[in-house]
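First up is the structure itself, then whatever we jot down about it.
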Amino acid sequence: MTYGYVEEKDALVKRLHRIEGQVRGIERMVEDERYCIDIVTQVGAVRAALRRVEEEILRDHVAHCVDHAIKSGNRADQRRKVAELMDVMGRAGR
Amino acid sequence: MTYGYVEEKDALVKRLHRIEGQVRGIERMVEDERYCIDIVTQVGAVRAALRRVEEEILRDHVAHCVDHAIKSGNRADQRRKVAELMDVMGRAGR
Amino acid sequence: MTYGYVEEKDALVKRLHRIEGQVRGIERMVEDERYCIDIVTQVGAVRAALRRVEEEILRDHVAHCVDHAIKSGNRADQRRKVAELMDVMGRAGR
Amino acid sequence: MTYGYVEEKDALVKRLHRIEGQVRGIERMVEDERYCIDIVTQVGAVRAALRRVEEEILRDHVAHCVDHAIKSGNRADQRRKVAELMDVMGRAGR
């Protein structure tokens, strides 16, 4: 089976590429000795963009991979999927 | 005056450059159709690294810029600095 | 079936009762006009205690109710359980 | 000087009293062996209510106590106030 996000793989790569560019922009802000608060604000914007990426991949993951495990009836796989979700979402709260 | 982080500007740029590379690595993971949870875990690691950058710049900001405003005795500047801090830290919690 | 937390129901009630007492303590701090930061610190401590309660109930929930749905082989129930988890954990991050 | 929240002390006590009642309600939910997810949802609601209390006290604190330190021109007090804010807000993010 293929993973949920693969359907929109190109859009996701493009989005991450834009985030990569934002990080490079912050490097330039540091080199240009811009005001601390402006830099922190930009870093916060990148973190928020990454969080949205995470949420979207997780949503697709549940709709595809977790659902695939449910359809399969494979209990070991179902348990693994739930444990992974709990683990990754527990960390995402931080 | 110069901003607090400027003293360690090179180290900070290097750190952000490494984060930029991590984002590029995630793009490649997506292109290679790696497992969703592994991608989300990597995105979470980048968010954590950015958060540490934010905390460090803020700490330097308080030690330098805010302290500069305190020494100056300029009340308008002191008020602006406190309002900025509240604003940026209120957002950082998310 | 009974829910996971029920096994330690008494301990959980006792814990919540202590948290209830902490909230009452904060009311008294406000009435006594205690220093703002001390009050905020106490409110933060109560929030942290509640978060630990949440985490524990969720852990028991996964070990019992979600596992029960897995064992049952009931797909509709499994889907409901995963959707609930995503929903509740998405909110818990805040 | 009096603290910022004191102006609305009665409203604040009333609000905390309601939160105390909500915690008592959760104890009853546990005693009645209600569904885990419903309990977790309620705990999350109480945490959100406490967070709003925190934000309001902090806002008043900045408008009164911190501003008082700014007006006083007392640098030691100003530094203490900023350090306290950073400390308490750093924790509030969690």
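Observations on the model:
In order of appearance the chains are A, B, C and D, and numbering begins at 1 in each one.
Just so it is clear, a residue touches a chain if its C-beta (ideal position, glycine included) is under 8 Å from a C-beta of that chain, and two chains touch if they have at least 3 such contacts.
Note that the coordinates shown come from a computational prediction; the quantities given were computed from them, not determined experimentally.
When the partners of chain C are compared with those of chain D, no chain appears in both lists. On a Cα centroid basis, the chain most remote from chain B in this structure is C. With centres defined as mean CA coordinates, chain D is found 26 Å away from chain B. Centre-to-centre spacing of chain B and chain C amounts to 31 Å, using the average Cα coordinate of each chain.
Chain A and chain B have Cα centroids lying 18 Å from one another.
Of all residues in chain B, those that touch two or more other chains are 58, 92, 94. Contact topology of the protein chains: cyclic, one closed ring where each chain has exactly two touching partners. For chain A in complex with chain C, the touching residues are 55, 58-59, 62, 66-67, 70-71, 73, 75, 78-79, 82-83, 85-86, 89-90, 92-94. Interface residues of chain D, counted against chain C in their complex, comprise 2-6, 9, 12-13, 16-17, 19-20, 23-24, 26-27, 30-31, 33, 35-37, 39-41, 43-44, 46-48, 50-51, 53-54, 57-58, 60-61, 65, 84, 88, 91-92, 94.
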